């Protein structure tokens, strides 16, 4: 094939510069498409996170009377310990409860001011080993009548609703992201084909002067790769931006502990970004290669 | 301007046919972009519907004992009637409860077989006039001790969670659809500009032969309009398809009453479709007009 | 009809394509524009068409200073000027017939006129059979003749011809020159850039010679050199 | 070197561009291809380049039947053939220098060769100053000369020239013909389609005349007609 690297880079560079309209068009298309896809992926990640957190959070809380004696506390703790269905127990004394209260109401300091640790009840947070809601309820009800217990609260109804909600949300987002990926592929390929169409005469002339298919194809592929990379780069920016915006939106409203679970780990954002770059490069390179082939048999 | 309609239609028709690659490219772009936007709009409508339904559904249920006497029933009914905070009461006798049960478990007929109407408790569904969860709870608790009442169930916790969830879902979808509309506009304009770029020589020649700007522009605008219309048509098809798929998904799982509220009214689908067609036509026509102008000053 | 006053045109500020050219062409004249390759003949013609703007000097066509012409009036100027371009400039997506018809449709001629005139003019340039072919399906000479037909078809006041016989064999060239002559006799002003010594020497019309952008000769009833 | 055996080529099944043409051209010959516009000269040349396929008959170039040539070998065939196209076929996005250099880069010539040869050949066709211009910034004749330079630059075995002087003034034409003659004398086979009676009559080489696709004359040391 005997193509000199210097020819390749010169050729690619000047093509990118000269056909600036087409270059920009391709980059915009790749960027928009991949940004949509990337955001859909993150959303799905968020939904999964939330589901996991909530499922992991199936628990019940045994609230003690404020005047429960140490012996009563110990008795309840022992009973919980002895139950094989209990996976984990956390004792929340008044200080711990106050900490949690402060976390929850971070946004409204005036509320925190009015509350004293001693106003809050002590409680046991119990994580059952079997997360089946019925089993949890049965377990919880056993402690309702223990001395010193004020109330046992389990959130089975909520959990059932939330589970079905996140199921459907996750499904919709998955569907959406697959659809977006297909749409992105169609749009990007479309754009590359149009760019090639505008340059079909040029390709024809190259062939007539004795250029082999690879000699013509390679600069187009490198060009496509760079466009894909740049477009994906913009998309990555958009994804980070969207993630940041969501973060902010959620932390503005963080009185709702529920929503915090939507936040996606930075690691996930990086992984998604990497995926977008790979897709961008592959689509750009292969798309160009395929699109140019249509005009190569002269 | 003196352009003959027959010239206009002939010109538009042959342009659409001859530049089939560009025509298809534009249609695909419009279709994909508007389909995404349309689906986002419907999703938002679904989320809104769900929110509304759930909010409208803030109610509590007073379950009576199976052996409650007619007098007890009447007493509870009267007490509810007399409360000014109650907006609406529905009495569910055992037949009605059974109907509801059948609706809920349509998918699992074996379950329906095993249940008799007499197994089900009678109940009052109470819709309070004030939907504030605290007020509802207070109202509900008043009936807990009335004779013949087995249990009063109010869903305040669930409602609170769901409200915050739907709030965020609605926000995300709104953000998504605005983003998609912007992306769609960018992509469509992009495509039109590329198509024009491929035909800039042609436009130049027309100008040199003495064609006025409008004489050149008009066929391009009609062409753009038709492409926009066709693209939007495909998008409308996709929206109907997506809606149908969602409907099916939801009705397959209709044991979850909760999700039914996601279903979007056919009227909404039609309204969205109409909107998509209008956007398609406007973007196609104006986009072409603007894009062609760039090449008109020769 | 056409007047150039000290017209200078440089491309990219370097190449002097036309330098202080002054020249007056009367209604009904037939002028040959000769000169070596790159001497500015096409530039001369493009300036008359307002395809290019002069850097200096003024140009009058049909009594109007085209330098001050507002841009929406340019199409109306061009409708009075038939132009045969050196590179033909045919519309690639229109058939031969449609290309020629386009020049008539642009000025709003009724359909029946278009339907009559187009085949007649194609007959005249010997392309009746190619009416429904696309330009890329024609030989070089055939494309050139389509360009000629399009420039003629709406009977312009002025005809600018940039090497209209460059791709034609001698016999066809003679036919085309007869046609140009006939058109000129009906009162149309003709400016024709050419390299064809034979044609210039046979016709014996006014010859304007350019050399590196300067008018070096302007001779009535002249020869090629 | 080149042999056509009963070659017939029809476009779209109707237009007979070439009909039962047989012709043998030896290594080192110089052949003029003449005939009226549309008689099939360009088609003849395009068939040798495998730009078009014949409908019937066989074509041999450099001893190989190019009808049976597998498609990946076509570029290598074309590298032995320099071609001056009637419509120039320059790459619109490359400068004059890059257009000429492209023909060398395609065959993998080292950089220093490209850097030497390109300015030399442009000097030869009189375009040293236009090295860094884009094709659309050139006059018709200048574009034609770039096309000529590109066809020459890699010293092909065969040179196909489709009206290489159509846009050139007589003086420049003579220069180009001298160049073609010189190249021919070094052993290159030249096939040139032309309308220029003067050139054919002066050079007195073999003349093949086409008329509506048929070879009507094949004369050694012939004249235009």
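Letters A, B, C and D mark the chains in the order given here, with residues in each chain numbered from 1 onward.
Throughout what follows, a residue touches a chain if its C-beta (ideal position, glycine included) is under 8 Å from a C-beta of that chain, and two chains touch if they have at least 3 such contacts.
Since this is a predicted model, take the numbers as computed values, not measurements.
**Q** What is the chain whose Cα centroid lies farthest from the Cα centroid of chain D?
**A** B
**Q** Distance-wise, how many Å sit between the C-alpha centres of chain B and chain D, to the nearest whole number?
**A** 66
**Q** Taking each chain's centre as the mean of its CA atoms, how far is chain C from chain D in angstrom?
**A** 29
**Q** Residues of chain B that contact two or more other chains, please.
**A** There are none in chain B.
**Q** If a residue has to touch 2 or more other chains to count, which residues of chain C qualify?
**A** Residue numbers touching two or more other chains: none in chain C.
**Q** Does the chain-touch network form a line, ring, star, complete graph or other?
**A** Per interface graph, the chains form a ring.
**Q** Taking all chains into account, which pairs touch?
**A** Contacting pairs: A-B, A-D, B-C, C-D.
**Q** Give every residue of chain A touching chain D within the complex, in rising order.
**A** Listed in rising order, the residues are 2-4, 6-7, 14-15, 18-19, 201-202, 204-213, 215, 297-298.
**Q** Can you tell me which positions in chain B touch chain A when the two form their complex?
**A** 21-22, 25, 28-29, 32, 35-36, 39, 43, 155, 157-158, 161-162, 164-165, 168-169, 171-172, 175-176, 179-180, 183, 186-187, 190-191, 193-195, 197-198, 245-246, 249-250, 253, 256, 258-259, 262
**Q** What residues of chain D sit close enough to touch chain C in their complex?
**A** Touch residues, chain D against chain C: 11-12, 34-38, 41-42, 86-87, 137-142, 145, 162-163, 166-173, 195, 197-198, 224.
**Q** Tell me, which parts of chain D touch chain A in their complex?
**A** 49, 51, 71-72, 74-79, 81, 83, 85, 89-94, 102-103, 105-108, 111, 150
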